[in-house]
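Below are two complexes that have chain A in common, paired first with chain B and then with chain C.
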Partner chain A sequence: MYGFIDFTLLNVLAGSTLLCAVAALVGTFALLRREALLGDALAHAALPGICLAYMIVGDKSLPALLAGALATALTAAACHRFILWASPLKEDAALGISLSVFYGSGIVLLTKIQGLGFGTQAGLKSFLFGSAATMLPSDVKFLVALALVVAVLLGLFFKELKLAIFDPEFATTQGYPVRMLDVLLTMLLAGVIVAGLRIAGVVLMVAATIVPPAAARQWSDRLGIVLLLAALLGGVSGALGAYASAVSPWLKTGPAIVVVGSMLFLLSVLCSPRRGVLARWLRERHTRLRIEEDHLLRDLYLVCEERGDFAAVVGFVDLLGMRGLTPGQLRRVAHRLISRGLLRSEPDGLRLTDRGIRAAQRVVIRHRLWETFLSKQLNLPSDHLHRDAEEMEHVIDDALLRDLQEQLGYPTTDPHGRRIPKETDQ
Partner chain B sequence: MIVEEFYLLLVAATVAANCALIGSLLLLRKMVLLGDALSHAMLPGIVVAFAITGSLESAGVLLGASIFGLLAVALIERLAHTRLLEQDAAIGVVFTGLFALGVLGVSYYRSVDLDLDCILFGNIELTPFDLVHWGGLTLGPRAFWVNAATLAGNALLTTLLFKELKVSAFDPEFAHAQGLRPRLLHYLVMIAAAMTCVAAFSSVGAILVVAMLAVPPAAAYLWSRSMARMVVWSVLLGAAIGLVGYPVAYAINCSVAGAIALVSGICLVFAITLAPDRGLLARWWAWRQARLRTHALLLLTHLPSRPPGVALTELRQRLGLSERVFEAAVRYVQQHGLAERHHGRLIATEAAGRELADLPLDPSAQRADEREQAQR
Partner chain C sequence: MSQRRTAATTAAIEVHDLTVSYGAKPVLWDVDVLIPAGQIVAIVGPNGAGKSTLLKAIVGLVRPLTGWIKVFDAPFEQRRAWVAYVPQRESVDWDFPTDALDVVMMGLYGQIGWFRRPSREHRQRALQCLEQLGIAHLAQRQISQLSGGQQQRVFLARALAQNPKLYLLDEPFAGVDAATEDTIFRILRQLRDQGRTVVVVHHDLQTVADRFDYVVLLNLRLIAAGPVEEAFTAENLQRTYGGRLTALAYAAETLLRRDVARESQR
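So, the complex of A and B:
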């Protein structure tokens, strides 16, 4: 008994993993062609085909239903392309039209089947919702064959497909059969979706073609890597979902797979090192903190410059007044600078250390040079200079600084007549 | 029986008009598939409401569906705003995830057998039997009032903010520069869409709603040149399709929602072929006219303006045109008074010279002419 259960579980695990990996492969191309939801329309368009096949053949033989589903799904894809070609309607409208009209005619056929006494239509609609838990060894064999076909075709035409999806115009001028490649990709997508419908249902198949590729896309800009990662993430979510549903019976396999996939997607969107939300937030935070620090250093420098004494202690009240900081903000910024050894805390204020003076000079030099540049080269009036320089002082790097100095002939004063310090000044 | 049929037509027309109105706003924002996505994304809200109230006919279900509809809209918008993926991919990721959560919820509360298809969606055939009573009066089907109320809200939104919606749909950057808030407007449209979908799904079912969101606006888009006309046409066409759907369903004895989707598909075929300016026929005709004129002008360039002119057979050989095309071009130049025919020979008129002079036939030659004139 135990062995039997294991065998069933193994079947479901292998089947789900394979199906999700293959769906992720074909879905990646759909995603990159900016038609991620084409699969949604194809999956819905299978319904009339299933009904027609049942009406013609008269029983629920699997090959007939699959052939019918594939036929109407491809017809819907053709309609979608025709609408795009024949009218100025956009992708989303064309998809919405094909989806609703095909699914609607499927509903019409379904009620006809009921009305004409073809017997029960219950099995037909469940075709669209799928039941992964009842995966048979024959299903797994079929999926292995499907995966092989898809992998071989994508591998054979990898270069051509890459060119055709990223630069179709160039591919056409190079003599690649772009139209045929488009047909190939659409057929693969329709084939995989129709093959998976009975096992996984409409929504899971849509999810399996969109979610893992969208997650994989966050980690790389290279097609090969995105494809492999998508297949990997798809496979992992398929396996984990199937396993979770085997462990706790109320977790249905299909939805469990989608939920695992969604988590992997969230993880990718949040944590991807370059494009991820967290990485972006950290970068922005770093910049914001640096701007605050630069501003405080420059404020201190200005006060000291006025007093002619860079070792002077500047009172908190003076600093608070300069740009309307709250005491809490000032304390936090000052604290960061003190811990970096640029400021020293005195009983009645703050004092620049030697390193702090040099750091403040860096900012002041950039600010005043930029003001000089705006005034001399762009002839801006002097009351327009400060705000722009306030932003540029943080982003001018050493190379740009040298260029600016050279261009402006190493100026010693800015447009307001204040001295531009030298880096070595003390 | 007649009253029930009247009620059904009333509901169909109201829902269709309402969806067509919101659909035309969505079409211009390239978000037509939002309707399909929302129909799935609302499931967890319905399950939660069912878990709390224990019934599927409470107002709680509507509330739960609305909350998750709005949540889906907000998630899609946030996700698309990060630019980490395209808007359609964001829609796909969000609705499949929420739907999966909903299905898991259904199987967790397996206390009743929830048919996914039925809990999600109403059935238009049943709407005439769910009536609103007030005092001793029967005020018509509940679905009518619910959808009429959302229709009124949507109509108000569209008329009050028409200019803003138009500018922000076609040129969000310009709208932003003008001090409008395109993102706020975008949210408003999506919220209106979500509320419309909740009202419509619960009364007539998803497929009818998705069809009415997509097809009448698309047909109206092809048919009209201004957004105002497009919205009005879309609403009228939606209502008409809603009205036609029921007799069709009755005639072929099938589901009303399916019949309405089918009728709308047929309407769209007509719109794609017959629409003025943007239809296939109109564009084919314009292309033919342009080709004919090109051939005629080509013919004029080979035509002497003094007698004896040129023989037709010789001219045709020189141009290398097929007989049919050549004859059409000859007819064209004669009808427009650009050439005259004497004894089988063709001579250009004065009008032909003027016509050709206006034409930048050879850009380099034209530039040479201009240089010459400038030197003089």
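So, the complex of A and C:
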């Protein structure tokens, strides 16, 4: 395998990693400004600039083409801002207009170049669609410099950028040059995208500014960490994508990077601890199971209380009747409680263990205290109490329980005249 | 319009001949008003009366068509550090990745200065401000996970952190419960007693008479301004709210209660 780790590959790896990392950094700010698609417009608006530069200079000199691309990209950004300012249109429509007008005129110029017999336009096209495999050491050096500039600027103005994006009006009243900070961010975004076009192409550059930041946002609620994570995820997808395309020749670098990035995004959406789909599902499931268990414990307690014997065996039929469970549901809940040592299974029913009795008491205490609270403090009629207590019994923690007891003067019976057990009762 | 009390004190805000328009139609017309320093001032008026616009004009967020505004006898640009502006809560993106403490710290950025990181003292100060509003325990909470009233309090804490001479608060009590409103008013009174000026865009006409020293009634034009006892009259309210009967009914009720209270004091 090590045959693949040659100089060219190292070059491509380093370049892709750097490019995707900086793209993610500047993209995070665009995402937070709710302008994730600004990068898309900038990338497309580079085309007319490339064509114009070629027509004026007459050859494919790199600095000229880059300068042309940057110039029209920034002009498009300015047009976008102008449309927003001068018309009632919103971001999406304004971006759509800037993007299509600039890209459309780029296509016209491209056709014209072809028609005038300027020679081949192939070189220009690759400028738009990228070819990472041909990355030169000079490209990598340029990317290192770009990454440094971006990182230093974002680091220096971190606090001010945060303020200007979060609350531009407040920032303005404090005398911060909000407009200039906005221009700075747009220039950085345009710079990174234009620099990356020739290497990675339009689609990848757009993806690289949106996907890693969106993935990073899933993992953290702190701007600094979101930025670092975005750079990390961007770098990883750049490196993995470049490597994958190097080992399998049918895979182009740009698409490979997008695929890796998308997989990281999917992973983040599914698995991140707080916002993730999986975590949310698990949390909900955990709550649902607890509620089912609490209910069964309380049902058993009520039957035992009536019989005056907490060690009594309660038949399945009695339990099924209490809240319309199916036998399957009852069996599953009972199983979980048995495995936690709170219930014992007997031939003709279920019996609470000592620990089970205490656990059931906890639920009953909460239920009856809450009913007492509602009827005493809120004067709810007694037929309204149960349903509310049915939910509250699961969420009252120890501190709230103590507060309730204190405020109600340690009541011993609930509004229905039933005894409120004490935690130590057996 | 009475100027008895204002003549004695200095003006915190002096608005002269102010006209503001967003498009063709002016939303503030020839507004002339003096807001005295060291008082709690209510700006009242119906929806769309131009109350928020007046605050924005004061802090330079909208440019007036004609007229000028002075803050403590100078243009706002020279008084930025003296003024804390709290916009309506809806004006920012609460999904932004930051926590309550961080937002309060933004009030200290002016003090911290460019390129520098907040120090431990700054964090401490921000935490104190949250504590004053009773939400220190929410310092690390992501701001979208705060309730509307808590978000409002975070904004107020940020204003406290700025330690200004003049507070401009745009509907700070929208979506705030009665207990919190009391807490906030207690803080506002403390600020006033320290000699600061608090200007509040306020919608609850029932509390104006009890809680404010000075009132500005606004509806496109200035209707009246003055100490509450003089300017907050049924007639001025009628002129401010026009045909809006519900608002009037509320106000009439308060005025009545105030009169009854006065009678019984005698």
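Assume the second predicted complex is superposed on the first by the 409 of 426 C-alpha atoms of A that agree within 3 Å, B and C clash if a C-alpha of one lies under 4 Å from a C-alpha of the other, contacts with A are read in each partner's own complex, and residues count from 1 in each chain.
Heads up, the rule we're going with is that contacts are C-beta pairs under 8 Å (C-beta built on N, C-alpha and C of every residue); 3 or more make two chains touch, one makes a residue touch a chain.
What you see is a predicted model; the values in this text were computed from it and never measured.
Asks: Based on the superposed arrangement, let me know which partner A:T287 touches: chain B (first), chain C (second), both, or neither?
Replies: neither
Asks: According to the stated criteria, A:R34 is in contact with first (chain B), second (chain C), both, or neither; which is it?
Replies: Both chain B and chain C are touched by A:R34.
Asks: For A:S61 in the superposed arrangement: first (chain B), second (chain C), both or neither?
Replies: So A:S61 meets neither chain B nor chain C here.
Asks: According to the stated criteria, A:F166 is in contact with first (chain B), second (chain C), both, or neither; which is it?
Replies: Touch partner of A:F166: chain C, not chain B.
Asks: One more residue to check, A:V226. First (chain B), second (chain C), both or neither?
Replies: After superposing on A, A:V226 lies in contact with chain C but is clear of chain B.
Asks: Between chain B and chain C, which makes contact with more of the residues in chain A?
Replies: Comparing touch counts on chain A for chain B and chain C gives B.
Asks: Which of the two partners, first being chain B and second being chain C, lies in contact with A:S100: first, second, both, or neither?
Replies: It touches chain B, and chain C stays clear.
Asks: So, does A:R217 touch the first partner chain B, the second partner chain C, both, or neither?
Replies: both
Asks: Of the partners chain B and chain C, which touch A:A86 in the superposed model: first, second, both, neither?
Replies: first
Asks: Between chain B and chain C, whom does A:Q174 touch in the aligned arrangement: first, second, both, or neither?
Replies: The answer is second: A:Q174 touches chain C but not chain B.
Asks: Identify the residues of chain A that lie in both the chain B contact region and the chain C contact region.
Replies: Dual-contact residues (chain A): 34, 217.
Asks: State the interface residues of chain A toward chain B in the complex, per the touch definition above.
Replies: 31, 34-37, 40, 83, 86-93, 95-97, 99-101, 103-108, 110-112, 115, 125, 129, 203-204, 206-207, 210-211, 214, 217-218, 250-252, 254-259, 261-262, 265, 269, 275, 277
Asks: Residues of chain B touching chain A in their complex?
Replies: Listed in rising order, the residues are 27, 30-33, 35-36, 40, 79, 82, 84-86, 88-89, 91-93, 95-97, 99-101, 103-104, 107-108, 110, 116-117, 207-208, 210-211, 213-215, 217-218, 221-222, 252-255, 257-262, 264-265, 268, 272, 275, 278-280.
Asks: In their complex, what parts of chain C are in touch with chain A?
Replies: Result: residues 56, 59-61, 77, 80, 83, 85, 87, 91-93, 96-99, 102-103, 106, 109-110, 112, 114-118, 142, 158 of chain C touch chain A.
Asks: Can you list the residues on chain A that touch chain C in the complex?
Replies: 32, 34, 156-157, 159-160, 162-163, 165-167, 169-170, 172-175, 217, 220-223, 226
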